[in-house]
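Notes follow the structure.
Lettered A, B and C in written order, each chain numbered from 1.
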Amino acid sequence: MGYTLQQLADHVAGRVVGDDTVVIGRVATLSDASPGSISFLTSSAYRKHLASTRASAVIIRENALDSCTTNALVVENPHVAYARIVHLLYPEIRTIAGIHPSAVVEESATIAGSAYIGPNTYIGHSVVISENVSIGPGCVLENGVKIDSNTSLQANVTIRHDCQLGKYCLVHPGVVIGSDGFGQANDNGVWVKIPQVGRVIIGDDVEIGANTTIDRGAIQDTVISDNVKLDNLIQIAHNVHIGAHTAIAAGAAIAGSARIGKHCTIAGMVGIAGHLEIADNVTITAMSLVGHSLHEPGVYSGTLPLDTNQQWRKNAVRFKQLDEMAKRLKKLESPQGK
Amino acid sequence: MGYTLQQLADHVAGRVVGDDTVVIGRVATLSDASPGSISFLTSSAYRKHLASTRASAVIIRENALDSCTTNALVVENPHVAYARIVHLLYPEIRTIAGIHPSAVVEESATIAGSAYIGPNTYIGHSVVISENVSIGPGCVLENGVKIDSNTSLQANVTIRHDCQLGKYCLVHPGVVIGSDGFGQANDNGVWVKIPQVGRVIIGDDVEIGANTTIDRGAIQDTVISDNVKLDNLIQIAHNVHIGAHTAIAAGAAIAGSARIGKHCTIAGMVGIAGHLEIADNVTITAMSLVGHSLHEPGVYSGTLPLDTNQQWRKNAVRFKQLDEMAKRLKKLESPQGK
Amino acid sequence: MGYTLQQLADHVAGRVVGDDTVVIGRVATLSDASPGSISFLTSSAYRKHLASTRASAVIIRENALDSCTTNALVVENPHVAYARIVHLLYPEIRTIAGIHPSAVVEESATIAGSAYIGPNTYIGHSVVISENVSIGPGCVLENGVKIDSNTSLQANVTIRHDCQLGKYCLVHPGVVIGSDGFGQANDNGVWVKIPQVGRVIIGDDVEIGANTTIDRGAIQDTVISDNVKLDNLIQIAHNVHIGAHTAIAAGAAIAGSARIGKHCTIAGMVGIAGHLEIADNVTITAMSLVGHSLHEPGVYSGTLPLDTNQQWRKNAVRFKQLDEMAKRLKKLESPQGK
């Protein structure tokens, strides 16, 4: 049960400093570790725990070796090495191939022999489920949905008709993919629904967090590119395009037809207005509202820092006078003082 | 398969300029259109695409005719005409009447002959389902729920006991209607739950987006009026009233007992505090916090514009000094400069 | 059907002023009451309704007796007394013990004799369901989940493997507990998933609102303490700890490894950054962003007040000049005026 430190080092192309025969069976935080576990250091904030950790080994960068009092696994990127080692120590328990007898599968659906369809799940007409796909309990896949190989849908996921997911995706419980975009035309005060005839097309290695919603396109498709990572409770509106390797944290919402670049990092509860473009390599800090296109990479912000309510009220009142204050300042600066 | 342009014009009471016999089978965006498709122009931002579109026809206003190089369908409101034409070209595929054998329906429920109950759905005691209603797979309708005619619930929708929906509503996957309002009384630091004995009453032609939640009233009912349109992941707290023809975008949250008027437009991620009133015809821009009643129609805002993080940090620090700055400015303005 | 006012007074240790034999059968608001109902007054804002209410009795504090024209039930905390009286007048309808034939229960699961398992629900391997637990329709409890006695899960709830809930909890529809934390390591631009090997551990008397999501820990557990009350659509990230008796309103999101104290009140749509600590007895007002630890109890805020869009635009433009304004003010204050 476990791997020697040398075996783990080989797995992540790292170097052992210390006893390479020690056996590792699990992961732990530096402060909570016990013998038999491996920990890691990615942030200098936790370096203080390095001297006292009881971990049998620690994944670190070369420059932290001095502070390490236990066995070290030296790598360039401890976070990535840690990720790969967790995959090794905690292998995913594969669902067993087959269709649970309580699942309802329409005759025209195509289910690969190695796929799993869980209890009380519904698979619609002409759905195509590829090899090694796992569909958990309580899911609904409407007509014409296609799920490519090795993708996993957990419980109570809904995928509306004709949407497509790539390979090696992971979809958490409660996710809705392919709901109608919010298209309403205003006819003298009365809203008239605009049927949404596009789809959602999702690339490979995409992760979608619990209860996140992704709307289908109005005419063309909503597109989520390869290796995009979406956290929980995110809203992706119709016709949004998200570039590859972009990560979005929980509670963010992206309005219709926005185009987000590659390698962007969008923090929690960020709002992005519709019909704009965000360049590659843009970072947006938490709870900011993006109201216009961002053509340059970089870090953008727009949220005020918290204060005590007493102090905050004083300043917030002044905010309403800010334009007037600016004019008064200008007047004082003028030669005649007016 | 399709309609002549004249047939479409008749359907929306519009006028053809050009070839009224051209056959239209689908919709497309101006820039992506190909022959056989119809497109539309509602925003001058897209007017540049009018000259080069390959659409067989374009729905436009009279004043855009000059720029149109293909056949035109001239109407007063292209957005509404487009909506009606999509309904015509992409008729909804009706579910076939009947109760799926895997559904669980309590004996005391009343299901109209033309209604559809999908796989793995549960229909509680004394539920009433009217004509042409469609309940998708995985839904749960608790005891005493009433769904009026022609309303459609998609997959995995939950409606708690005794709530009512009107005619021609559309409820997207994952929606929860009738969950308990957040009523907690504080007994010397310990929260005591207040049972929520009201219901949710929803009018006709209401659309409710994916994973949106609408809480039941504490004593009286939560009320959503006719033709209200709710986007995804919205929270409607107990005893909220929303007036007819109001539209609310994704991620907004409305706290308890707020009363929202008719014909309001509430943008994404807006927060509305409890126990306040918002007049008819109010528009609130994205991510604003409404902390007091709004008695006048108009547009309201409260969110700062995004900036580069470097520049934003400079200004955000100054915000904490704003009250002090105002006092210093006042002092400079005083005759003695103090 | 109903209780005498004296019986209700005995139930909440209150004192009747007036006719203690009047029979009460339901609750009502002051303005909407009719004979046979009991109402309550907790906020002076509603005191004006006290004179005209048609309620047969009103729950009030001693100091409101003067304004009361009907029978009074005098208590120290009317809100708590009201809560207890609603529980008495509207007893919860208990689900009948047993496993619905459409539920799928793995053989290795342990289900107490008094527990209820609803239609189309899935109970995984080695799940333990204690006495008087009620699991509604469409729920999914993955392998190794433990639910302690008297806890109720409503419809379409998902609990992922190995998570635990205490006694007397109430979980609303669409909740997801134990989804993976958002752990991604960046390998030269490509996100590598970090498997999340912790659990979610939930204490006693916890309420979790509709469609709220609680992620499992990365290594250690995510912990929700006793008597915590969570509203709808809240995100709790991996390794968050929430202290006892803390209440969080709808739409709030708490990032990874944040530690929230006891008796905190967190308003709607508040964002809390990761890896910080919030002391006991902290209140955060709506839509604020908490970006650093709060070591002192008190009320904190960070959101600007709403304004008309016209006025708001003027001030928002000036916000971008705030640092420059501060420097100009400083210059004016200097002896030489430069």
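In this section, a contact is a pair of C-beta atoms (placed from the backbone, for glycine too) under 8 Å apart; a residue touches a chain by one contact, two chains touch by 3 or more.
Being a predicted model, the structure only gives us computed values, none of them experimental.
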Rotational angle, Cα trace of chain A fitted to chain B, multiple of 5°: 120
Numbering shared by both copies at the chain C-chain B contact, with half separating same from different: different
Distance between the centres, which are taken as Cα means, of chain C and chain B, whole angstrom: 25
Multi-partner residues of chain A (each touching 2 or more other chains): 102, 120, 138, 156, 174, 211, 233, 251, 269, 287, 303-305, 307, 319, 321-322, 325, 329, 332
Chain B contact footprint on chain C (complex, rising order): 27-29, 32, 45, 77, 79-80, 82-84, 86-87, 90, 92, 100, 102, 118-120, 136-138, 154-156, 170, 172-174, 205, 207, 209-211, 227, 229, 231-233, 245, 247, 249-251, 263, 268-269, 286-287, 303-310, 312-313, 316, 319-323, 325-326, 329, 332-333
Chain B - residues contacting chain C, complex: 102, 104, 120-122, 138, 140, 142, 156, 158, 160, 174, 176, 179-180, 182-187, 189-195, 197, 211, 213, 215, 219-220, 233, 235, 237, 251, 253, 255, 269, 271, 273, 275, 284-285, 287-292, 294, 298-305, 307, 311, 314-315, 317-319, 321-322, 325, 328-329, 332
